[in-house]
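Comments concern the structure below.
Chains here go by letter, A, B, C and D, matching the order in which they are written, and residues are numbered from 1 within each.
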């Protein structure tokens, strides 16, 4: 299960974390740890953090020590409260994979095979279904939602659900630096950026 | 092979990296990535860096594209040059495991089982043997030496041999923060430190 | 003005940031930048972040491009809305300085001398007064509140109000590492912590 | 003196540190401290570290507690030993400012005005002169050399000479993030990089 989550999360392509790692390594090659730290420091709210917000929503709706079993009612209350407060529902919907996120499907499948799949995975899917009915468009569980729900079903505290993304980014950062060692591009990218920028004074 | 290396390297006990991660998480719990970054920033020359220095020594003695096969001569030249310049030989000897580092032995064993063991592992052992004869005390290959040699035999550039230590520290930092979430001790430790310090003006 | 803010914010004593910096420097002395980074990574929500939350509250109540001048009404709406939603009001009240935070007073004084003091400083004071009346105990503006209001009056975006705390922590981290170079204590502290810990299995 | 050093060192233009800070802020805007940490993590050996290497060379040649006053002999020994070992002499020569680095000149001038200029500044200039004679081309003291020498004359341990560069980079990182808040470019730069890259398989 953990292996599958990490594979899904390893930085693909030239992400902002990969760029930060390469730029840092280029100036401080004697401190590889700093380049990897730069890669993971971007594991924040915009790109990877929603697994944490999703896990917190699930945790608040159904605390780990709760004996409550009526997931339908819990899902209904969660969706209604969020929509009433005009709050986003984290972990569902996706800009590109509008009809279903294949990575989420694969993660849930592995979660079932490894007996990790439990009430939090089920609850998040119910939340997605109800939100679709209310909002009137497809809102399937996305990859960070699946990770949030699975980490809750693993018994981790909600605060730790982002650790998989952080480890994935550490691995991705290391791989990018490894490529930078063999075929350096940081300097060229930095020149490219400078050539394409034209400073426009404010106001 | 990689799994075994990571298991050996995951932070054991309350290391400086674990303390840095817990202190950082205590002040900034909304940014888990910062606490993990703090854990890995200490993966430097004192505690974990010698795998990198060992890999560089091996790389300089026997460049990856070299066809040279006489490892005995290469080992001899390396030891003589280092001792003549009064330079340390990284990757051999250990303060506690003076008669042999069991973690190094285990890593070499797995390297042989997985067919990773190659000329760099062999060269480092020869270097250790020769240094023992010259210096007159036991200098077996230690755990960071084994990691340096194995990563060279894996075909990684020498600059990347510290990545295993960095990943191990990231994992260890995450585990410590996970425990901090459930049973916080950072505040108590910080108080303990303050109570035990007495400021003595310099000079 | 900026000088005074930095002086107020430089790490005093053996804070969590100072400990993180010293532990990191102890393991990786060849990368001073990593130790300073570890010091600032703890500039988060618990210890220093409230200046940012205060600046955001002021920004939302009175956007920089607003021509609104009735600060009393704005303060009243802000306090009522926060109390109704059971939200904390950041930037007022203090655990120790219950009758008034002398650092906040000094910062406002310098802000007046340097003509920085403006509508945001005034608004925050009004918010503090109104909150006192509603809650029924002294809630004077505290040091992070003053910094949030002053940075808004300087014309900075609310997102940047924490930069003063970050710079202060960088300076404090550098000073602590400088002392660690001359009179190292990290190893002793790390031993002290280990001696005082006794592992109790969970559950 | 310190002010002048910081002014010289604040990140000018779109450096690798500025890029790392902007990329990190773009993904994790809720943790400004992480973006500033990413900016300083690149303060390593390639771009800013030579002040540290220069300070160490001066410290080894003339330890702070030494009463030695014959700077000419010390300079001569240092240059001869370095050239014999084919080691670089840090702090002299510059790729662009081949006839003299105006920032170094300005720093030495301020050091004289503020009575900081002492035996280490004098020693470094003598080293530069002697190296020129030996090597046969202009090797004036450069900006990081001046900072290394001045920090030694300030009585700082050699290990701390890079702190000015780190603080400069922290300030520069904060300024870049401030601009990113008002006029974001990180996403555009990241797209630009991706559009201009074409992956070529190795070998």
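Rule of thumb we're sticking to: contacts are C-beta pairs under 8 Å (C-beta built on N, C-alpha and C of every residue); 3 or more make two chains touch, one makes a residue touch a chain.
Keep in mind that this is a model prediction, so the values were computed, not measured.
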(request) Touching both chain A and chain B: give me those chains, sorted by label. (result) C, D
(message) Need the most distant chain from chain C, centre defined as the mean of C-alpha atoms.
(response) B
(message) So using the touch definition from the top, which pair is joined by more C-beta contacts, B-D or A-D?
(response) A-D
(message) Between chain B and chain D, what distance separates the C-alpha centroids? Give it in angstrom.
(response) 29
(message) Based only on mean CA positions, could you tell me how far chain A sits from chain D in angstrom?
(response) 38
(request) Would you pick out the residues of chain C that each touch at least 2 other chains? (result) 28-31, 33-34, 37, 41-44, 182
(request) Could you please specify the touching residues of chain C with respect to chain A in the complex? (result) 28, 30-31, 33-34, 37
(request) Note which residues of chain D are touching chain C in the complex, please. (result) 29, 31-34, 36-37, 40-44, 52, 156-157, 159-160, 162-163, 166-167, 169-171, 174, 177-178, 181-182
(message) Under the definition above, what is the set of chain C residues touching chain B in their complex?
(response) 13-17, 19-20, 23-24, 26-31, 34-35, 37-38, 41-49, 182-183, 185-186, 189-190, 192-194, 196-197, 202
